[in-house]
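Order as written gives the chain letters A, B, C and D; numbering starts at 1 within each chain.
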């Protein structure tokens, strides 16, 4: 029995950790499988390829679904706290990565859900969580976290501006120029303020173009705000980290 | 009489402040009402929905107009300085939020003004002014204020560039390629410099495309200027705040 | 004779300086005249307005041309070193602001040059040079100057990338998809890298779209470079200015 | 024999170095030749010009190919370690700059490869490597290098977002609105997140436009991340450099 538990522990180390050679190999293999299966799902959605190679791609899909099913079951089996895993974020992603294929087989008309399998890409993050990149990601996240409130204020401000300018343009340009409703005008305002500018809706009247110019210059300028917030916070975090490495004996000065 | 004044004070606290439980509940209810009524105005502008559910949406609109009217009257009534409120920014926004509905009923042909009701979104800011986000907003505003002059110089510079490049493109591309007048060419220059790029007007001649490339690279590069200004100011403000927390006994140095 | 010189000195102070009341009034009047005359030139280029109000606008144009001519002659006359003024940047701008109107009268077929009058907007800068905004502008210019070399390196790098990616797309997409020549493909690459994205030329093949995605993400990321350069320099200049206000007696430390 | 070696050393100094007068002249001549030959390749790709001046441009091309061939052979000949040069990055670029012209002559149907000659622009970098701009470029590269890991994390995050939002839009909008396959939808997501916004594919349904708005605001905000990373690193490097110039006798503090 102990021997069996030993074996289970070893599998746990391979699947969940990266400090052994086998663990690292497993991670590399897993990332490759994820990328290949995601690639297969993508190719399958291209009609030209689907028609010609659909049969072959279905085979690939089933192969990876079975592999991921075995992996999922093993993860539950070797985990000392299986329920915590099942209901964790990554546990649900793992489940959603395999369920749609079975569903599409059993219940006809659920092909639409097959796209859910693309959530597999999120699984890569679990593997990366264990890698050296995690430190950098944490760094960015802590700066983002520090600027969370400021960015919320900013986004709320942007949405209010978009609502007001959208309503103004709805009145000025009107349905004849593509501004068929207030929500659509707000959509236009967001397209313009973020400097995306599809051009599917664009002002045609002179006053509309003048107001659009104001919206554009506004959007172009206020992009400075999130950038400024994040940069200032990041510079702060970065300086804090560096300061810890220095030691100033003469005074208590840190910055 | 004192009892009545007490009651009025209590209503004042609920409506204007947030430190009581009832005051907080009122704020949440107010934000919900604002969002719902704004949503109704938006949906009403979509023709497909208007045709089918217009009757129902009119009811919703009247319900909220009456609610906001009662609120407006109460605000005036409980305020010790009612005129100061009426002519304040938020007092005018409150009035503009309800007047259009009555106007449209009494004077036919004023339906166009109904869109003014969307100014209701601005009312959310009053509620937020009392929340924890206000500190962050003030922070951003103080950085913006510090960089106000620099950004004015920048905007003036951008508009001058847009005017000159607009005029140049008007001569080079001409009315046949969509550059029908100098104001329209300036509109194009702004669309291009802000990197929005609708594509409703775009250069067709080789020289025009070459100059457009210069305008684009210019716009792409000078976005650095507002960002730089704001970031530097924000970093400064942020550092100032942090520095106050540190105390350097040895010297009077703060930065 | 001295009295005459006194009078000339007084006119010089009014036109060239801003520290007297009359000097300030003159500046405000000049800016208004410039804006009005520029507005008239712009309106005149709109065909609909030209047809209807052309006669009236020509009158406005002649009025301002004569006013600016008198101003130009006076500037030369009261200046102790007239030739230095005539061949200075602003002297040439002043001349170019009035010459086209006379030219169009005397030599037929020079109407195209009338657009040169828009250079009048540059005259506003002379007036601003004397105002409080000049300090802020100098501040920005000194930061821009400090980052000049770095931005040159960056622009050269961007142009090289645009050339190579333009050539690649020319081969992949080919003339059938709008990439009719290498210069046009380079134009597309610049439109894409600067995130303008008109959509007048866009990739149609799968490989083309994949490479376009790389170009976009590249352009989206490297905008960080000019911003970073300018921000860092500006923060440096800003800090330098603040540091001068602090005095640290204990040590020679400035930063 | 020594005299011959002396002569070879002198040629080496002229071609590979810039500290002699002849070396600088050679560099200027080389950059001019590169720019002219690149210009010729570009002009040759414009059909209108090709038809009219093709014969003349072929002559120019052959002239520069022969010049560059002589230069390439000389570079090998005077280099004390010829193989190191041949297989270096610039050695391969030099070879690729001349081979396509010969290939197109000898093997018919290889005209497509003629575009490879545009790699000549890369040769300019070798010359610049020896110039004063190299210090600035190194500066930028060291900041980029320091932020390499953070930017990798960021790019991976952006690609994951693009995949998920692309898949969502593929389901919502469907092939009828231009989202014909998942890869194409991902292409749309990248076009939108990077704020390029061609408009060749754009959402038509209300839900699609709502999600697109989220994608745009996300893209508009997260551009702050690479900018912030790079700016913070650059500011750090810049400060480090400045700090070295200051000497603080009282303490070992550097930052």
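Here is the rule we go by: a contact is a pair of C-beta atoms (placed from the backbone, for glycine too) under 8 Å apart; a residue touches a chain by one contact, two chains touch by 3 or more.
All values derive from a computational prediction rather than experimental measurement.
Interface repeat of A-D: among B-D, A-C or A-B, the matching pair is A-B, sharing over half of the residue-numbered contact pairs. The chain pair with the larger count of C-beta pairs in contact, out of B-C and B-D, is B-C. Distance from chain A peaks, on a Cα-centroid basis, for C.
Residue numbering at the chain C/chain D interface overlaps only partly, since under half of the positions present are found in both copies.
Our note on geometry: chain B versus chain C, Cα centroid distance of 29 Å, whole angstroms. With each centre defined as the average position of its C-alpha atoms, the distance from chain B to chain D rounds to 41 Å.
In chain A, 183-184, 186, 195-199, 219, 223, 227, 229, 231, 233, 235, 250-251, 253, 255 are the positions where the chain touches two or more neighbouring chains simultaneously.
The touching residues of chain B, when paired with chain C in their complex, are 149-150, 152-154, 156, 160, 163-164, 167-168, 170-171, 175, 180-184, 186, 192, 195-199, 202, 206, 209-210, 212-213, 216-217, 219-221, 223-225, 227-229, 231-233, 235-236, 250-255.
Within the complex formed with chain B, the chain D residues making contact are 195-199, 227, 231. Every residue of chain C that touches chain B in the complex is listed here, in rising order: 38, 41-43, 45-47, 112, 115, 118-119, 121-122, 124-125, 128, 132-133, 136-137, 139-140, 143-144, 151, 155, 158, 183-184, 186-187, 190-191, 193-200, 219, 223, 226-227, 229-231, 233-235, 238-239, 242-243, 246-251, 253, 255.
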